[in-house]
Every structure is written in structure tokens, then in C-alpha cells.
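Shown below is the structure under consideration.
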Amino acid sequence: MKLGRVVGNVVATRKDDRLIGHKLLIVRLLSPKGDGDLGPSVKGENFMVAVDMVGAGIGEDVIVCSGSSAAKSSGVPDAPIDGAIVGIVDSADVDPREVG
Amino acid sequence: MKLGRVVGNVVATRKDDRLIGHKLLIVRLLSPKGDGDLGPSVKGENFMVAVDMVGAGIGEDVIVCSGSSAAKSSGVPDAPIDGAIVGIVDSADVDPREVG
Amino acid sequence: MKLGRVVGNVVATRKDDRLIGHKLLIVRLLSPKGDGDLGPSVKGENFMVAVDMVGAGIGEDVIVCSGSSAAKSSGVPDAPIDGAIVGIVDSADVDPREVG
Amino acid sequence: MKLGRVVGNVVATRKDDRLIGHKLLIVRLLSPKGDGDLGPSVKGENFMVAVDMVGAGIGEDVIVCSGSSAAKSSGVPDAPIDGAIVGIVDSADVDPREVG
Amino acid sequence: MKLGRVVGNVVATRKDDRLIGHKLLIVRLLSPKGDGDLGPSVKGENFMVAVDMVGAGIGEDVIVCSGSSAAKSSGVPDAPIDGAIVGIVDSADVDPREVG
């Protein structure tokens, strides 16, 4: 899974029926900085759209699951989903010597 | 899922039978810029070919699903598909402080 | 799916039995240049090996499908395949303003 | 699979029920350096969150499996998992001439 | 699939039971250079760990399959595997004009 922050949302009236009822949130993938916070990856910006499974809000740090695992976890058979928010981060502590 | 813009289409007469009848659109993957619009990712151009599931047109911003989830959502058993357009973006709002 | 060009082939006598009988072609992944042609991605060279499902030849521009969708489309149960050529490009037209 | 080092952990009280009981560890993906040790990849930092399947601890070098294979190996049906630690490295020896 | 060279191996006594009995080899992913040989990709080093399905040895150029296709081809149900060596390269010939 990846760490990221909810930074916005997508509204799409015309979409696959199996996405109806799902909140589509924009997550910016981030890296742990070693001080307990998350920050931009040195590899440049990386955004994804994920269905929200746990009631995440804008500004919250989250755990995102990608690929067919995300589709299966949504509970919707054959869902056109490859990204899901599956946890809201309380803490993401990393050994500072292991960053950079 | 990813955000992108439909920028063209592919014509392929000789193709897997299970792709027949599917519109094959070229999508340029883009990042939210914080002003409601989408723009090129700092990581360089990134194009993909996706089957169109929602009637998207050239120039429209879309949501694309990748991998086996895309194949399953196409409804075609064992489809040789790993990219599908599953939504047309009305708005993709991102907190401007979270971009850059 | 991705766009690319068949640039060579791989011969491998010692291989998984389920690959026997499949042509293993080397595809260079390319990006649409806006003039109807395909060209190298700014992100550097990117080659893959794909089984040929549609009779593609060296020098032909093709559509490649990746991941488990490629395995399933090969018709070989549990095939050790994660890349398949599923179409031969007649045209890949992109709005020139959307490139660069 | 990839090689990496356990560098921290994630606490997430609000998460998908199917993650409850799983240790969520932060792994920094690393490359073999040719001297028996692992070091940062030249391509920049790369962190992932993985469920721990083998009792790995902070500072240990590990093997991580990604994608739906990770979900299936967790034993949890339809688990929202796309990363799992599946081995703890005793040694990762690489021919020094093959590095750099 | 990808082309690469076996450059080392991983010993991991504490690992998922379903990996027991599998040789875990370190493969450096490489690109065809147009002279029949393989060389480092311009995008920087890229190593993976793969189970050996065809008896490959250190220094041999190989074909690797990634993702759930690799797991399925291992024959081990729900195997925590996302990389497998599925062929040993006799030749990987690429049109020199298509490289660079």
C-alpha cells in the first residue's frame, strides 16, 4: 500500500454505474519524512483517484491500496476500481536515519 | 484510478476479436493543478490507450481505471484490456496548498 | 494499454512449457508525437517482451496489454505472461496541442 | 518481489475491518549494492506500507510481494492489501560487476 | 514480460512457507542495446527478486514475468509471488535503429 494525503475530490456525473454512491477522492502520494510527518516524494508529484472506504476527509493522511485488491475490497463485483482509501493514519513513524 | 484527458484515438483493423466494437481512445495522464484544471505531470508525458465505457470525447477530462479491474469492468470475459475510461470529470478540485 | 513498436524478438529454448508456440517479440513503448507518428517517451527507453496474438511483424506499431489481463487473453490457463500484443495500429492520431 | 528495509510502522485506528490484526510496516525499497548490503536506489526514495506475514522488525532487510498476490497470500478473502512482507533476508549477494 | 540478468540470490530462512523450495534469484532488469547484448536502462538500476522456474544461473540473461501471472504460473495456490523467471535468453535481437 502507499501513504498519501486527501487533497481534493472529483465530481463525475457521467460515470460507470458501479461507481455511483462512491466518494471519489484525489490523493497525493507522499513519503514519510522521518519527523512523523509526510512530505512530497523526491520523484515528483504523484496523484491518484481513490474510492473512500473509511470516511476520510480533505487534509487527512491515509493508506491507499491499488490494483485489483482495491476493486475486490470495494464489495462491488467487477468494479472499475483500482484505488481505494483503506485507512486513516494516526501516526507514520519512520527511523530518521532511514530517510534521505 | 488516474485523471487524464482524451487527446486522440487509435484505429486498429487487425486486433484481438474481443476488442471489436470498443472505441480505443488515447488518454494523456495529467495532474490536478490546484486551479480546477489538469496539467502535465512534472514526471513527463504519460499516454495510455483505454477502452471507452462512458461515451467520452476528444478534449474531455476523464477518470481511467487500469489493470485487471479495467478488464473485468468491460464485461468481456478474459478481455485483453488493462485500461478503461470509467468517468467524465465535471470537476477535479484540489487544495492549492497541496500542489507543488 | 500502451502504444509501441515491435523492434525485435527473443529466442529462448529453455522456457516455461506454457510459452512454447508463442512468438516472443520485443516492443519499445512509445508516445504519440502529434503528427500521426509515435516517438520515444521523454522518460527514457522502455522495452518489454510480449506474446504476439495478432501476427505483428518487426517495425509495426502495436497496442500492448499488460498484467494478468494479458495472461487471460492468451487462452493458456495460468500462463506466465504479463504482456501481449493485442492490436496492430493503422493510425494513432493525437491533437498536436496536447503533446509536449 | 522487491528488496527493502523495515523503517517504521503505521498506526491507523480507523481502517478497513479486514486490516485489523495486521501489523502495517513501512518498508523502504532498496537495491543490492554488491557488497552484501542494500542501499538507496538511484531512482530516489521509494516507500510502501506492507502487512507483516513473517514477524519482521524495524531495521530488518526483507522481501516484499506486491499486488493481488500479496492480498491472496494474506489469507483474508478480498483483503484490501497490495503489499506484504514475505521473507526476512539473511543474505542478498550480488555480483559486484553487475551493480552500477 | 521484461528482460534481465541473474546477478545474485537471496537467502531467507524466515519466509512464507509457500516460498520454501523455491530458488529466490536477484534479477537486474536490462534493455536490449541493439548489438544482441543487454545493458543498463537509461532510467537507472532496477532490481527484482524472482522465483526460478527454469533452472537459471548467475550471469544468465532471462525473461521475467511479474504480477499475479507470476504467482499463478508457480503452481502454488495463493503464492506470495509477484516475479518469476520463465525463460533463459538464447538471443534478444533488436533493430539497432530502434535503440537510443
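Note that the chains take the letters A, B, C, D and E in the order they are written out, and that residue 1 is the start of every chain.
To be clear about the criterion, contacts are C-beta pairs under 8 Å (C-beta built on N, C-alpha and C of every residue); 3 or more make two chains touch, one makes a residue touch a chain.
To keep track of the chains, here are their UniProt names: A, B, C, D, E = EutN/CcmL family microcompartment protein.
On a predicted model such as this, the values are computed, not experimentally measured, just so you know.
J.: Degrees of rotation, nearest 5, to put the Cα trace of subunit C on subunit D?
T.: 145
J.: Copies subunit A, subunit B: same or different interface, half of numbers shared as the threshold?
T.: Homomeric contact, different residues on each side for the most part.
J.: So what's the Cα centroid distance for subunit A and subunit D, whole Å?
T.: Roughly 18 Å separates the two chain centres.
J.: Distance from the CA centroid of subunit A to that of subunit E, rounded to the nearest Å?
T.: The answer is 30 Å.
J.: Touching at least two other chains at once: which residues of subunit D meet that condition?
T.: Residues 43, 67-68, 70 of subunit D touch two or more partner chains.
J.: Edges wherever two chains touch, nodes for the chains themselves; is that graph a line, a ring, a star, complete, or other here?
T.: It is a ring, because the chains touch in a row that closes back on itself.
J.: Following the ring of touching chains from subunit C through subunit E, in what sequence do all chains appear?
T.: In ring order, starting at subunit C and going to subunit E first, we get C, E, D, A, B.
J.: Give the list of subunit B residues in touch with subunit C in this complex.
T.: 5, 7-16, 18-19, 24, 26, 28, 43-50, 58-59, 67-68, 70-71, 78-83
J.: Using the touch definition up top, name the residues of subunit B that touch subunit A in the complex.
T.: My answer: residues 1-3, 31-32, 41-43, 53-55, 63, 65-70, 72-73, 75, 84, 86-95, 98-100.
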